[in-house]
Amino acid sequence: MQNLGINVLFEGTTLQRLFEGLMMTAGIAFISIIIGSFLGIGMGLLRTSKSRIVQFICRLYLEVFRIIPILVWLFIVYFGVTNALDIHLDGEVVAVIVFSLWGAAEMGDIVRGALESLPKHQVESGKAIGLSFWGLYRYVLIPQAVRRMLPGAINLSTRMVKTTSLVVMIGVIDVVKVGQQIIERSIIKVPTASFWVYGLIFILYFIICYPLSKLSKKLEAKWEN
Amino acid sequence: MNKENHQVLLEIKDLHKEYDTRTVLDGIHLRVHKGEVIVVLGPSGCGKSTLLRCLNGLESIQGGDIQFDGESLVGSNVDWQKTRQKIGMVFQNYDLFPHMTVIENILLGPIKVQKREKKEVMEQAAQLLEKVGLSDRKDSYPRQLSGGQKQRIAIVRALCMNPEIMLFDEVTAALDPEMVREVLDVILGLAKQGMTMMIVTHEMGFAQAVADRILFIDEGRVCEISEPKEFFTNPKTERAQQFLNIFQF
Amino acid sequence: MNKENHQVLLEIKDLHKEYDTRTVLDGIHLRVHKGEVIVVLGPSGCGKSTLLRCLNGLESIQGGDIQFDGESLVGSNVDWQKTRQKIGMVFQNYDLFPHMTVIENILLGPIKVQKREKKEVMEQAAQLLEKVGLSDRKDSYPRQLSGGQKQRIAIVRALCMNPEIMLFDEVTAALDPEMVREVLDVILGLAKQGMTMMIVTHEMGFAQAVADRILFIDEGRVCEISEPKEFFTNPKTERAQQFLNIFQF
Amino acid sequence: GSKATTDTKKEQAAKSSIEEIKQRGKIKIGVFSDKPPFGFVDANGKNQGFDVFIAKRFAKDLLGDESKVEFVLVEAASRVEFLQANKVDLILANFTVTDERKQKVDFANPYMKVALGVVSPSGAPITSVDQLKGKKLIVNKGTTAETFFTKNYPDIELLKYDQNTEAFEALKDKRGVALAHDNTLLFAWARENTGYTVGVASLGSLDTIAPAVKKGDKELLAWVNTELETLGKENFIHKAYDATLKPAYGESIDPETVVVEGGIVK
Amino acid sequence: MDINWQFIISTLPLYQKAAWITIKLGFWGTLLSLVIGLVCSIILYFRIKVLKELVEIYVELSRNTPLLIQLFFLYFGLTKLGITMSETTCAIIGLAFLGGSYMSEAFRSGIEAVSKTQIESGLSIGLSQMQLIRYVILPQAFAVTMPSLAANCIFLFKETSIVGAIAIAELMHVTQDVIGMYYQTFESLFMLVAAYLIIILPLSFLLTWLERKVRYAEFGN
């Protein structure tokens, strides 16, 4: 029986499909992380604005994305927004949109934290050598903030990778779904399939996320002094 | 000290500065001539830092006028970015940018702000580094430097913009005595070369040695302005006498 | 200064301290008598802080012996928790516990470590606070105090354990001159009351005023040990002379 | 205002739905990817199963080639949304007809019927639903069994799982005393897993399974119904049964308990 | 948009029950996470041999793999090894397993943020190691790390949505289930969001309040 179980992984194109599923998972996560990071930096800059209204709106945006589950967002965008605007978007695209927006919210908070943690005299000494507002951010603040936010950002990234399994609700086949397809196909004949398939997926996730968290630890240590 | 005859570089007239409703600077008058070194003394919280920060536009002012090089620094249409290039400032906290090497720190202003030629700036930087004895630390990061070295680099960074006046705000307050000396020696050197400077310091020996005039401030007002010898041996006001007593055991 | 006749409280014999392979203290000898005030001077990095830290068990030592109150502080069976109660120490950085009020800071040691009666400790604390002029700040948090006030509280906190000796490591290094004075006045007061102390400081005037003996260290070795008047006017070694020159402009 | 626009949109969709599919050259059909033997993905990544078999035939008859179908893989909880948001033209995902669902989508005539069964360990067999009172019964989310028990036996505690495998695993782990599902599947499973019997072989009224189209899509609905009628004449659903269900269920099950030909339940 | 209020009212009891389950799971999950995180971070602080390595492996394993699969192993896997736990127990353990590593990281960075001079001045008034942890290190670490602890709490409460996979009728489970049965998608999602708001907003306010309180001493407002 045990042998039979692991054999499920090597039938036909199973491994290839698991790999494709993994790429879907990782692809959606990484594209979203990248877009989300850029949006998040903008968001973080906005959140340091002195305008109360801007602050309020940004805060609201963050809380809305924090509290409303991602699944709901996927439903809203995939079924609701595309229908209301009468456009068609692929599930993958919607997934990227939703995860990017979520990433932007969370990343914005991380960036804000990083910017606020910079000593005030950095701003002043930047000004004192005549840097313009943008020069100040471009050369002085953002490069320093990036270092401080990296651990948090990478942490967020692993969370995003792990959350992608929800996209199956809008018809995108991620690695977990592929796994379930394989398991279910073998439901009657190979009951131990689930152990092997989930075991493999567990390892695959670990393979993606572990280097990330290792990297964050490394950078954290490197930039500590 | 006949610098009084020189051209007036900076003129402060009846300067008022308030935080919320608290008056911090209450009618400061001062004329700084080209090449003159003014040391600002006064008890903690009297407004010394605030005065320097106002000159550099880091604080808005509530009344009076500041004339720099014949132009007013008051009002909303002052081009601070341009003005700050002519006014170098070094703070107490080592304010180097920690993510850049020494030379990157120095080049940032001249190249990105003043749009000067890299080669020319590099030469100037090399000269200045030589002068402060740090030619070999060009590619170090600030964290690899001692406090005194950091402050000397900060001075070079400011000088490399070719400012017309330098403002120093307790640049040695957080340093060990030997490092204090390193930094103060650099400033003494600048004084000899005729740099116009305003210096806030707590080193009385240094103040006496470097100053053309001492400006003693108390509670936001100018209490006394006199030559150093006179100030230290024979202060006019009782407040100044009290202040000097602190340093006597 | 006839304290030499008093009982020896602390005896350091041929103390060696290494970090990795670098020798930082290289055979220090010193005898501190009851009621004596030793000021430790020396250039930055010479090992002053390390010396004090060794006395308090914050650093392990690689050779020599320390005798405190007749007992050796070397070896693995030293009860540091007990010893540290008799050795008060105040550092440069305001090391009050930021999450506790002033009085909680003061009571922590006496009550949790020494298991003394709260009431009795409270009385002592009140007296000491009175002495340093901070009776009214009992319930403030450290962040609500100025640097000088924090250091005075840190001294009270150490004193409240009834130590037999106090170690001060540049307690005024990060302070404004007026605050420096506040804190040094407290220490001067302690000296008058006959507290045994070892003080690392960069305030030469104060050192001269407070010290019974000056210990001048250079590169981990005792260079000179003499009475303050002699040290300041007529140092025996060239190294000491160089050191003193730093403070002259 | 918004209601009016949605209405016109619906009409437009209704008017031209077949035209649109033909223009597109592909019919989008929502199927399951993890519910063998109805809709699943085989070892080579191809969609297979009873629903898929029928879907391919629909494509062939509508567009002339069975490859002109795009399978959209749906989940039980999002089937209706896929229709409403025009993500698919048709749902062929083991979709049980219920009154609630009729308000949201238009069902065509059925192509299959199910009866529920209850499987339990042979050692402690459950032979009537009454035995289940106060005990835990395992069901699958989004299945007929779930709807049936929720509606008719609200006092039976249900343990609901997403996947069939999980449900069967849970039964093996004795998380519930029995498991309710389509009886056909249960028979097939019990045959492979000794020690379990389908104690309740058939339960409640027969539910039917039908293709579903977007609410108001009269044209496609009519086409599907005619198609089912035509297919009935050649006993196509039986062929589908032989090709997809029989390998799973074996000989012991009478196809007539499952198959509905011509869209008419006999 | 027509909202089917009748449907909403009819599912109210269902959601209410689910909300309590979510709260219960979130509460215990968070509480256990805090305990695990605390213990782990203390082990890391003291660098206790073997245990330290184990903690490090645990943290990496738990942070870098999805809760869903962790739960399957707890729920289906352990049963094969003869350990059968109820759904709720599995869910709480799963949440604690995941949350523990997040909390441990938060505490760790908090402890690391406590300056060396604080530790030394604690030692110099004669505190023992345990007293040092109890009176000096933890209170300060707590104040520093409170924002990330709060974020983790909210994260864990939301993460309860995963445990629906092992047949626990929490909010997400119920929502998906109701949608699958009745297809009142909008209404069901509306209920879900409302329920999360009702749970998480007060929680968020409570945590902000707590954060203020904890940080007041050290940081003021």
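Structure notes:
All chains are identified by letter, namely A, B, C, D and E, in their written order; residue positions are counted from 1 within each chain.
Heads up, the rule we're going with is that a contact is a pair of C-beta atoms (placed from the backbone, for glycine too) under 8 Å apart; a residue touches a chain by one contact, two chains touch by 3 or more.
In this text the structure is predicted, and so the values were computed from the model without any measurement.
Shared contact partners of chain D and chain E comprise A. Shared contact partners of chain A and chain D comprise E. Distance from the centre of chain A peaks at C, each centre being the average of the chain's Cα atoms.
For the pair chain A and chain B, the distance between mean C-alpha positions equals 48 Å. Rounded to whole angstrom units, the spacing between the C-alpha centres of chain A and chain C is 53.
Look at where the CA atoms of chain C average out and do the same for chain D: the two points lie 84 Å apart.
Look at where the CA atoms of chain A average out and do the same for chain E: the two points lie 19 Å apart.
Multi-chain contact residues of chain E (touching two or more other chains): 76, 185. Shown for chain D are the residues in touch with two or more other chains, namely 77-78, 81, 169.
Checking each pair of chains for touch leaves A-B, A-D, A-E, B-C, C-E, D-E.
Remark: chain C residues 43-44, 173-174, 176-181, 184, 202-203, 205-206, 208-209, 246-249 touch chain B in the complex. On chain A, the positions that touch chain E within their shared complex are 63, 66-69, 71-72, 75-76, 79, 155, 158-159, 162, 165, 176, 194-195, 198, 201-202, 205-206, 208-210, 212-213. If you check the complex, the residues on chain C that touch chain E are 56-58, 80-82, 84-85, 87-89, 91, 93, 95-101, 108-109, 112-114, 141, 143-144, 154, 157-158, 161.
The part of chain E that touches chain A in the complex is made up of residues 60-61, 63-69, 72-73, 76-77, 80, 105, 154-155, 158, 161, 172, 185, 189, 192-193, 196-197, 200-201, 204. The residues of chain A lying in touch with chain D in their complex are 11-14, 16-17, 75, 78-80, 82-83, 86, 88, 168-171, 173, 177, 180-181, 183-185, 187-189, 191, 193-194.
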